[in-house]
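You will see chain A twice below: alongside chain B first, and alongside chain C after that.
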Partner chain A sequence: MQNVVKPFVSTVRGALTYRGREGQLAWFGHRLAGLGTLLFFIIHVIDTSWVFFWPEGYMHAIALYKTPAFLIGELMLGLAVLYHGLNGLRITLMDWRPSLWKYQRQMTWGTFGLTALIYAPVFVIMMGHILQIWPGIEIAAR
Partner chain B sequence: MEVTLKVRRFNPEQDEKPYFAEYTLKDVEPVDRVLDLLHHVKWYIDGTLALRRSCAHGICGSDAMRINGVNMLACKALVQNLIKGERGTIQVEPMYGLKVIKDLVVDMEPFFDHYRSVMPFLVNDTIPEGGRERLQTPEQRERFDEGTKCILCAACTTSCPSYWANGTYVGPAAIVQAHRFIFDSRDEAGADRLAVLSEENGVWRCRTIFNCTTACPREIPVTQLIAEVKGEIGRR
Partner chain C sequence: MTTTTKSVSQRDNKFETFMWRYMRWSGVLLVPLVFGHFAIMHVINSVADISYEWVITQRWSFVGWRIYDAFLLWFAGIHGFNGLRIAINDYVHGESLNRVLNILAVVLMVIVLFVGTAALVLAPTTPVTLPTG
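Up next, the complex of A and B:
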């Protein structure tokens, strides 16, 4: 366990105290997005397996996903998958064409910008859906 | 200028954990270097402060440390680039990722172990044509020029999040040294070096974060050189 915890703690401590530039920010975001997506995959595999092993539990899980906390989580999942994918492409491009290092700052900001641009309509659509089914929203709107 | 110098201090023989000591320095010139401030503290305020330095002119690479959160050489860090106005604070810490021996002095041995692992010397047992010199064109020399600028200060390796996570990663500096010989037309051990670097703790632990490139006091495009080594492993 120490083999996992110690590197994790030292990396997070370093990431929070070392004043790296855009590259470090992009990496930290990439890791957060990756871990968030992994968490979703784990939960998803478990709840889907319940269809066979524990059908009542599966129905309960589906109901749980319609609660505010999970709806916000779904919104974050969309951002995480999008950013992780786009930043991964940037890193692949950098490794494929090393001479691009001169433009690494611009490419990093470009990735942030492109993520925001693509995510904006996704956010509007998903948020609209959330507001439709959010408990109590209809009452508040009246 | 008035500068408050915050130095992270730790003497394992006395202290339970590291702490920040503050020294107020008056009449500091904007063109003074952080090394000058540390010298002032050591020579006139507290002689127990431990730090490494040698040439004091950015060549030996002894005084790499974390200044205001970023790795740099104390002898190249000007106060005017760290403080705006007539007074301010400069924070000095030892490099992260290497064990602290005392105050700003870290144990460089793991760093040099990685350096040695890539065989940082010319390997060529064949007798050159004419028996005297191993000739090289200016283009062949240019191919590995960037790597020759490395002064082994460890600023790049200790700025790397992959190295913070795993000290067995060879690190940017060792890869730069390997690059210097892999792309040297006179060298014959490129395959051996690439074999070392294609292992679990070789180049593939690089996440293309660019902290090493921005930390390098010699302005070596470290990440580019690492990516070139990755590409070379793929080609061979």
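Up next, the complex of A and C:
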């Protein structure tokens, strides 16, 4: 157990104390978003496969996705996928053209900015969908 | 240990180089695939539109969407589980626990890819009438 706890503690401590600035933030966000998306991907593929294996179970899963916790998770998934994709393109671009490394700070901030810029309208549209099915809201609006 | 270290590490290096390239190539492909999937399912439509009948009649009745979903499943699945493998190797240094977690990750990946592919291939093109409760 010590073998797991020690690297984990040093990672958390490092993340809090190592002054890696935006580069470290970009790396940490990339990992968090990637692993979070993988967790959703695993659940999502299994429940979607129930369309064939167990249609009643699929209906139950969709009902579960309409509950507040999953709707908030859906919003976070959108941000995670968007950031992971754009930051991944930045990494790939810099690996492909190492001359771009001298602009890595600008490109990292550019990635954060572009993520926010694209996520803003996505967030508004998704909130529109969510408010339509958020329990209680529909009754209150009438 | 010392006699086999060299060949083992060379094999590992080849694998790591391959996966390093795979992460970039699949990543570039996954950006349009995943962004497109997300836009259709969560922005243009939403979970309010999605149902058993909807998936069959609006999505999987067209073989093109099954192929699209198969690309997503395989490219994202291998990309994601390789990411998990990298994270496991970063944080779990104990040899036996590292091996156990990596084996579990591979088993989970095989299950996910198998059930996903099976559903994409075998799901009917018209909804099966279900006993209504």
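The rule is short, and it goes like this: the second predicted complex is superposed on the first by the 121 of 142 C-alpha atoms of A that agree within 3 Å, B and C clash if a C-alpha of one lies under 4 Å from a C-alpha of the other, contacts with A are read in each partner's own complex, and residues count from 1 in each chain.
Operating definition for what follows: contacts are C-beta pairs under 8 Å (C-beta built on N, C-alpha and C of every residue); 3 or more make two chains touch, one makes a residue touch a chain.
Treat the numbers as computed from the prediction; the structure is a model and nothing was measured.
Among chain B and chain C, the chain that touches a larger number of residues in chain A is C.
By the touch criterion defined above, A:Pro55 lies against chain C but remains apart from chain B after alignment on the C-alpha atoms of chain A. When both complexes are overlaid on chain A, the residue A:Asp95 reaches chain B and chain C alike. In the superposed model, A:Gly23 lies in contact with chain B only, and not with chain C. After overlaying the two complexes on the shared chain, residue contacts for A:Val122 are found with chain C alone; chain B is out of touch.
In the overlay built on the shared chain, the residue A:Gln106 is in contact with neither chain B nor chain C. Shared-chain residue A:Thr11: touches chain B and chain C both. In the superposition on chain A, A:Thr67 makes contact with neither chain B nor chain C. Within chain A, the residues touching chain B in one complex and chain C in the other are 7-8, 11, 91, 95-96. The part of chain A that touches chain B in the complex is made up of residues 7-8, 10-11, 13-15, 17-24, 26-27, 91, 94-96, 98-99, 101-102, 104. Here chain B touches chain A in the complex through residues 66, 68-71, 96-97, 159, 161, 164-166, 207-211, 213-214, 221, 223-225, 227-228, 230-231, going by the rule given at the top. Looking at the complex, you find that chain A touches chain C at residues 2-4, 6-8, 11, 31, 34-35, 37-38, 41-42, 45-46, 48-53, 55-56, 58-59, 62, 65-66, 71, 74, 77-78, 81-82, 85-86, 88-89, 91-92, 95-96, 122, 125-126, 129-130, 132-133.
Remark: chain C residues 24, 27-28, 30-31, 34-35, 38, 42-43, 46-48, 50-52, 55-56, 60, 73, 76-77, 80-81, 83-84, 87, 90-94, 97, 108, 112, 115-116, 118-119, 122-124, 128, 130 touch chain A in the complex.
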